[in-house]
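Handing you this structure, nothing more for now.
Every chain is named by a letter (A, B, C, D, E, F, G and H) in the order it is written, and numbering of its residues begins at 1.
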Amino acid sequence: MKEEGINILATRMDISVYQSVRHDFPEGKYHEDARVFTLSCRKPDIKNNNDFIAVVCAGTADIPVAEEAAVTAEFYGYNVRRFYDTGIAGIHRLFSCIDEIRKAEVIIAAAGMEGALASVVAGLVKTPVIAVPVSTGYGAAFSGVTALLSMLTSCASGISVVNIDNGFGAAQFAVRICSLKS
Amino acid sequence: MKEEGINILATRMDISVYQSVRHDFPEGKYHEDARVFTLSCRKPDIKNNNDFIAVVCAGTADIPVAEEAAVTAEFYGYNVRRFYDTGIAGIHRLFSCIDEIRKAEVIIAAAGMEGALASVVAGLVKTPVIAVPVSTGYGAAFSGVTALLSMLTSCASGISVVNIDNGFGAAQFAVRICSLKS
Amino acid sequence: MKEEGINILATRMDISVYQSVRHDFPEGKYHEDARVFTLSCRKPDIKNNNDFIAVVCAGTADIPVAEEAAVTAEFYGYNVRRFYDTGIAGIHRLFSCIDEIRKAEVIIAAAGMEGALASVVAGLVKTPVIAVPVSTGYGAAFSGVTALLSMLTSCASGISVVNIDNGFGAAQFAVRICSLKS
Amino acid sequence: MKEEGINILATRMDISVYQSVRHDFPEGKYHEDARVFTLSCRKPDIKNNNDFIAVVCAGTADIPVAEEAAVTAEFYGYNVRRFYDTGIAGIHRLFSCIDEIRKAEVIIAAAGMEGALASVVAGLVKTPVIAVPVSTGYGAAFSGVTALLSMLTSCASGISVVNIDNGFGAAQFAVRICSLKS
Amino acid sequence: MKEEGINILATRMDISVYQSVRHDFPEGKYHEDARVFTLSCRKPDIKNNNDFIAVVCAGTADIPVAEEAAVTAEFYGYNVRRFYDTGIAGIHRLFSCIDEIRKAEVIIAAAGMEGALASVVAGLVKTPVIAVPVSTGYGAAFSGVTALLSMLTSCASGISVVNIDNGFGAAQFAVRICSLKS
Amino acid sequence: MKEEGINILATRMDISVYQSVRHDFPEGKYHEDARVFTLSCRKPDIKNNNDFIAVVCAGTADIPVAEEAAVTAEFYGYNVRRFYDTGIAGIHRLFSCIDEIRKAEVIIAAAGMEGALASVVAGLVKTPVIAVPVSTGYGAAFSGVTALLSMLTSCASGISVVNIDNGFGAAQFAVRICSLKS
Amino acid sequence: MKEEGINILATRMDISVYQSVRHDFPEGKYHEDARVFTLSCRKPDIKNNNDFIAVVCAGTADIPVAEEAAVTAEFYGYNVRRFYDTGIAGIHRLFSCIDEIRKAEVIIAAAGMEGALASVVAGLVKTPVIAVPVSTGYGAAFSGVTALLSMLTSCASGISVVNIDNGFGAAQFAVRICSLKS
Amino acid sequence: MKEEGINILATRMDISVYQSVRHDFPEGKYHEDARVFTLSCRKPDIKNNNDFIAVVCAGTADIPVAEEAAVTAEFYGYNVRRFYDTGIAGIHRLFSCIDEIRKAEVIIAAAGMEGALASVVAGLVKTPVIAVPVSTGYGAAFSGVTALLSMLTSCASGISVVNIDNGFGAAQFAVRICSLKS
């Protein structure tokens, strides 16, 4: 994988794997929360300087997926702003930052359990919302299936959904959207 | 069924059935939205005069289930207040009446599709919330299963759930709670 | 619903319903394939004059869902180009128009059965692909569930998915994307 | 987490975690059966002195979930009475204590396998019954799903259901009910 | 089908079918509740004179399946005793006849919804209990699947299960058991 | 558990557990294939001297479940005959012993994968067949669910089914049947 | 559709549809059991004169699917031999014709309920067996899903499976195999 | 297992098992990718010298299953050609070798995730395609179930399907087809 001038993005990498390869890639960076390794020999231009992708998630358990999305988008040269404690059980936290979220080009909303965050956000903005179900929760959460179904049947409009825990795919889709403007 | 002094509550009665029995029960009342027939020869005392059960639902499609709950609770002599256009796709409508909802003894929240209404409400109140999944929606709504799972895995606390479309059961459970105070 | 200057979009309307209301809305239009009724008192500006949304589907059975998407997007004032006989069983038909499809701002791909069309298209373009599973097929197609799961697990990147048969939602999401440029 | 005057309730804590933090919280208590850690710097008033919440379960395998519920309710200052060997395979044991159970304000019934205990209890009392499906059993028990479905479709009235193994949620709901009286 | 000396048992026959064939089989009998048609040219010997098969069910909705079982067993010459209002929501009715039920050679227990009747009965007797899940109920009853799973995971011993609504199969299995003694 | 004159049957015991308790129960016996521990201080009378229960299974992978059934039945004092290599992929092996199997009072048929053995056996005998689905197989075997469904929908008559891997329950049911004769 | 020299095969055609088009296609043939319409202006050569495809099914309810396969194969010019009463509940009927079945090039085995026929046949022959699950049965047959899973997990080798009720697809696959020889 | 002149094929063998038996079978060969051990004392004749079975797969994760198929077919004496980087996300790679693939007698197509490869290949050839779903992917891939359903509902004709990860079964079926010609 190691080549001059090549950019590398490796997702779902355990820290133990990183530790075994870190000496071969001293310029690489391991994003521990995201479990993502990046190596950017050629820095991408930061595109659309004031534009950003908002990555929203509900709580601690959703952060790894949210970070996988955020790190991926940054890898492709896009600005990312993180809103990571906005779960609907304490909906005032979401409201306190919704004006900032509204300014994003695209919103990635990662949520486990009943996944209602994506519906609530989409009802409050006019931007495309890419929903990422997260495999947190237990019992009837069915490893993210409940969040997936919940997001697919959202009563709000302007949502589309990617696979469970697929922060990477959400970011790729967001990047395709953002690159329309450039 | 027709006896002096007997009270009758029949749920899931089609209007055609009602029309074939209405002459036998001239004092009876058919609640068309709820598809419930009631005959109350002995009026129950209105209990706990200022107390009420709040019945909340998201939209038109959820009204039959919400009404089944409301009519059942009224049949047992409890005050009911209806909040029927509070879906989270337009969350401001919920916020405009949340202070009233907070005053209820118990809240029954009926919602189809992704059923997020129950989670949002429970995050905003301190009252018990009885969630009723509604079999509206199509595709991945799976006839109410998605709403059911969503409600069971709510990230808010203070929710419990009854069977899909079971407005009657929700009201019975609410009545058991309210009768603790009397 | 009838008001001066109001635009109306009603989906999933049976022709019999249309026939009962057509006299009240003489300026309205019933899109029979899409089962959509539109009334546009105020024509939207045609936006982004050379831009268009591509609506792709595999075969006859998918057309109602594809048309629901196409008519919805047109209702909001966007150009739509239809590519309706591009199923992968005869993949040459897809290849004969892929260069045109590549020029779209956004692609909506509606497919039933195994839903592989969305994967194949997404592998061939750099545009966002909104996949709509269609409830065609029988047996193990499970009313669109197989297409839904197939699209969610696509090995191609740049896909996101909406609910089964939700052409309307796909178009709304596409419109949110396209309006970023305007 | 350690602060003066703060009360802490941590569920699903393995004993190994407790052992690593016990020295930091010498006043804390680890409830081994419940896998719950509590730290109550400010003791709650014991409310409703003669009132109690009944926690009922069928057998040994259900005790961790029942204890999670019981310890949670006690943490909030409510009296709890435990009835832990009342499975319906030996229904006489349930009958020998049903008169005591009837005196409770609320009943939490935890059961795995076919979960019939909740139905049987609800048929014998007039109190609200909060059913907690437990992920015991094997094969067709499907990790608590069968108990969950069984409780949702109970032929008895006055039951509502929380997520599988969610003793904590059942207690929170019970506490919301009990606090109505105070 | 019409032959001298032949016995016929036809299950799941709608009354309209019966009415179109009744003139061809004047000696036949249509069991309306069971939707079973029988024609017994050669009466079977009544076997094991004091022995009987107990057919138990919970309520009105389960009677067609219970009757299919009962009529089938009688067709093969076995005594049947019916116990048809013994649902666990009013468990005292079951207790009032449990001593009679205990005297049966085999017990067939038909129940829909959560199907707990079979578990409760099996816990009270020493006889084999053949459980028949019934497709009554709605929502999470899933057309008998919940009752099926519930019966398969019964915490009581001495139960085995047949297909949903398969009163005929339960009776055939019961007959195989009873014929061991003759 | 250790008492004079008490008989003990413990199923699903790992050999490591046995090794830790063997010194406390020197008279006990560990049945390694069945993972069952038995301690019979009072030997049961061998009942019905020429009668036996046939335990049939398809192949090596099914033997633990078959043995759990066999050892349980023997524990209760019944004769057992084992037929353990009779899978339908080599149906001649089943035919070579079917005359012996026919002489059994009851047949327990354990099978994984598609579980067709139970259907084939039941079509060849007049004895009750207790089918035990086994959680062998992979992929679409779904840990025994496919065998379970297959046995429930058998086109042969005279079958009933117990939970996946429940050799113990099958034997208990068989014992209830056999005890009718004694 | 009507053209000189064109061959037409239309599956899943209701007789009412046929009756409305029969006058337009007087040379066409409606195969009522198969619900297939064929029009063969150019007769195919009968290929491989002594070779044939065996179509095997278990009982009356499976015949429509078996016939769809048989008529399709004949349409393409292949010999077909039908073995239609070979269900494993009466396995002797299968054995009485197994020597004939063995002579086939390919075997199509259609079966509903538990679908064991395909396994049994494949264990008895050395020819490829194409299994077609049929949506007969009720309850746990789940509209052919149980037969599908059963066939996929067959313990016999030499089986592959097509979609539920897809007699047409089975025949097409059989034709691809047979054409290898020509 | 070790005998003179005997051929052995053992699938799903971990390398650790191989290492513990390798000294007993010095002539044996362990195929590490396929996790298959073969011992061929009597070499099979290479059949149909120019004929071959094509084994096609999409990517690295599918290779173990593809290799299980390939090694099995070679064990029985058939030529195999491997096409292992032909996933539809980069469909040009498939097209660059499709002319070679078309020359095969039979094609085995192994694919995980959405499994669209099998559909695409079958639309491009006239040869029988045996589809093997692979349990790669995560979330909505459901351990190969999505690929399985996708392959069963393929819009292309000439496909049949074996169990998830069953490379061995696919090869056995392919061998039965190929042996028709010899």
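Everything that follows uses one rule, which is that a residue touches a chain if its C-beta (ideal position, glycine included) is under 8 Å from a C-beta of that chain, and two chains touch if they have at least 3 such contacts.
Here the structure is a predicted model, which means the values were calculated and not measured.
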Between chain B and chain F, the fewest touch steps amount to 2
Of E-F and A-H, the pair joined by more C-beta contact pairs is E-F
If CA atoms of chain B are superposed on chain E, the rotation in degrees (nearest 5) amounts to 90
Chain-centre distance (mean CA atoms) for chain F and chain G, in whole Å, is 38
CA centroids of chain B and chain D: separation to the nearest Å works out as 26
Averaging C-alpha coordinates per chain, one finds the centres of chain E and chain H separated by a number of Å equal to 50
Touching two or more other chains in chain F are residues 139-141, 145, 148, 152-153, 157, 163
Each pair of chains that touches is included here, namely A-B, A-C, A-D, A-H, B-C, B-D, B-E, C-G, C-H, D-E, D-F, E-F, E-G, F-G, F-H, G-H
Within their complex, chain B touches chain E through residues 133, 135, 143-145, 148, 163-166
So, in the complex, the side of chain E touching chain F is made of residues 105-106, 126-128, 130, 148, 152-153, 157-163, 169-170, 172-173, 176-177, 179-181
The residues of chain H that touch chain C in their complex are 58-59, 87-91, 113-116, 119-120, 122-124, 137, 139-142, 145-147, 149-157
The residues of chain A that touch chain D in their complex are 138-141
